[in-house]
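To keep things simple, chains are lettered A, B, C and D as they appear, and every chain counts its residues starting from 1.
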Amino acid sequence: MTDVTALIIILPLAMIACAVFVAICRDLLYAVVVLAVMSLLLAFQFYLLKAPDVAMAEAGVGAAVTTAIFIISIRATERKE
Amino acid sequence: MGVLNTISYVFIGIGLFFNLVGVIGLHRFPDMYTRLHAATKCTTFGSIFIITAVIVQSAGIWALEGAYPSQSVMCIHAVLALVALLVTNATGAHAMARAAHRSGEKPAKAVVDDLQEKEND
Amino acid sequence: MSFLITATVAYLIYLVLTIGGSAVLLWNRAELVIGAVCAVAAGALLKNRFIGKNLRMLNPARWFAFLVYLFPFFFAMAKANIDVAYRVITGRINPAIVKINPNLKNDLSLTILANSITLTPGTLSVDVDEKTNELYVHWINIDPKVLKDMPRDYHPICDSFPDWARRIAE
Amino acid sequence: MTWLPVIIVMLVCIGIAVARVFIGPGAPTRLVAFDTINTLVVTSLVILAMMFDHVIFVDVAIVYALLSFAMTLYVAKYIQGDKF
């Protein structure tokens, strides 16, 4: 199973690109969507490292709960930074 | 096993082709609705074929070697994942299209737009 | 009655999800007991949400009609996907949003029809008028013959899907 | 049966869709690209479960398919401007 080593190296590069976009984006809704993509790729990475329970918890927290809290708080405040 | 492997390879080929077409259509089409056509439909159809290939493989191992519980569980759970994917994709596409139209996104190059006329009345 | 149906459906879904937990039987005893408790709790909580006033979906003929419906649905889906793939490669599109009136009275049949339209022939259900049960459909390559008269003809969009939906759920 | 090339092609698809999330104009286009990534990732999870031959991995795919739907609905309702 050493074949998946390349995937374990490639996926963090995409995650770093997502994190940089979240840091520099001025519109907070776009930042929330890209943050959801980043947590999705993080769950995929946990999955490749053979930790399915951690991946399940990450999927639940990162995709559903974090996004819901951020969207509710954006709705209560301003959308543009 | 040879026949099952051939069937799986054919299904995987069809599925990967449709997935690639859907993702390329995301870049080729001009506005959000047509992108939704390409993305949702082609990736759903491709996912059906790829998951069917997984089901065929695990069901083949389950039938040939018998008394091998992990493969049988994998077969049934892959069917459940397929059903969940189909139901949520159709409903999510409908929700996204309605949200986009209510937020004021116009369909590009549209010939006729009945919904806009209804909202103007 | 609605409590019983909801609890039964929840228990069946639980049994399908936990199949093969034991090597001897299909399920072991602890899983069966826990599933029964959870199913009773779900039935008590959700009995007014899951099922409405009428019980017509208990008829097994409707489920059989739904299973038969899957075959023409899958063929229409394959044809539509090849068509959409052709349009992706060549880039020839001609989109429009049209209003159709499929004459359905029920919420469930309208849901089945809208999901079928979303998954098939280059069409995408955008909005629904809840008073008159009319659907607004985005169509990627419009047929000019449909544009002539105002209550649009729904046959080029979804062949006989409204008839199937009426047969299943009304 | 080898599954590794299938995973690599699926990752290429995910990369193209992530590019559309970065450059896409407006919120609805990004949402569409995100939904596409969800579908592709669920398919990849099922393939990886077959590749690693562990049954518990398929359950992650089912959970993810149901949870990402909730996220799509949240952002769609925000774009639409509803109360929730």
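Here are some notes:
In this section, a contact is a pair of C-beta atoms (placed from the backbone, for glycine too) under 8 Å apart; a residue touches a chain by one contact, two chains touch by 3 or more.
In this text the structure is predicted, and so the values were computed from the model without any measurement.
Each step here moves to a touching chain, and the least such steps from chain A to chain B number 2. Averaging Cα atoms per chain gives one point for each, and the point farthest from that of chain C is the centre of A. Chain A and chain D, compared by their mean Cα positions, are separated by 11 Å. Chain B and chain C, compared by their mean Cα positions, are separated by 15 Å. Here the spacing of chain C and chain D, counted between their Cα centres, is 22 Å.
For chain C, the set of residues touching two or more other chains is empty.
Multi-chain contact residues of chain B (touching two or more other chains): 22, 24, 36, 40, 44, 70, 73, 77, 80, 89, 91, 93, 98. Chain A has no residue in contact with two or more other chains.
Residues 4, 7-8, 11, 15, 18, 21-22, 27, 30-31, 34, 37-38, 41, 44-45, 48, 52, 54, 56-57, 59-60, 63-64, 67-68, 70-71, 74-75, 78 of chain D are the ones touching chain A in the complex. Interface of chain D with chain B (complex): residues 1, 6, 9-10, 13, 16-17, 19-20, 26-29, 31-33, 35-36, 39-40, 42-43, 46-47, 49-50, 53-55, 58-59, 61-62, 65-66, 68-69, 72-73, 76-77, 79-81.
Taken together, the chain B residues at the contact with chain C in this complex read 17-18, 21-22, 24-25, 28-29, 33-34, 36-38, 40-42, 44-45, 69-70, 72-73, 76-77, 80, 86-87, 89-91, 93-94, 97-98, 101, 107-116, 118. If you check the complex, the residues on chain C that touch chain B are 16-17, 19-20, 23, 77-78, 80-81, 84-85, 88-89, 91, 93-99, 114-115, 118-119, 122, 124-127, 129, 136, 138, 140, 142, 147. On chain B, the positions that touch chain D within their shared complex are 5, 8, 12, 15-16, 19-20, 22-24, 26-27, 32, 35-36, 39-40, 43-44, 46-47, 50-51, 54, 57-58, 70, 73-74, 77-78, 80-81, 84-85, 88-89, 91-93, 95-96, 98-100, 102-103, 105.
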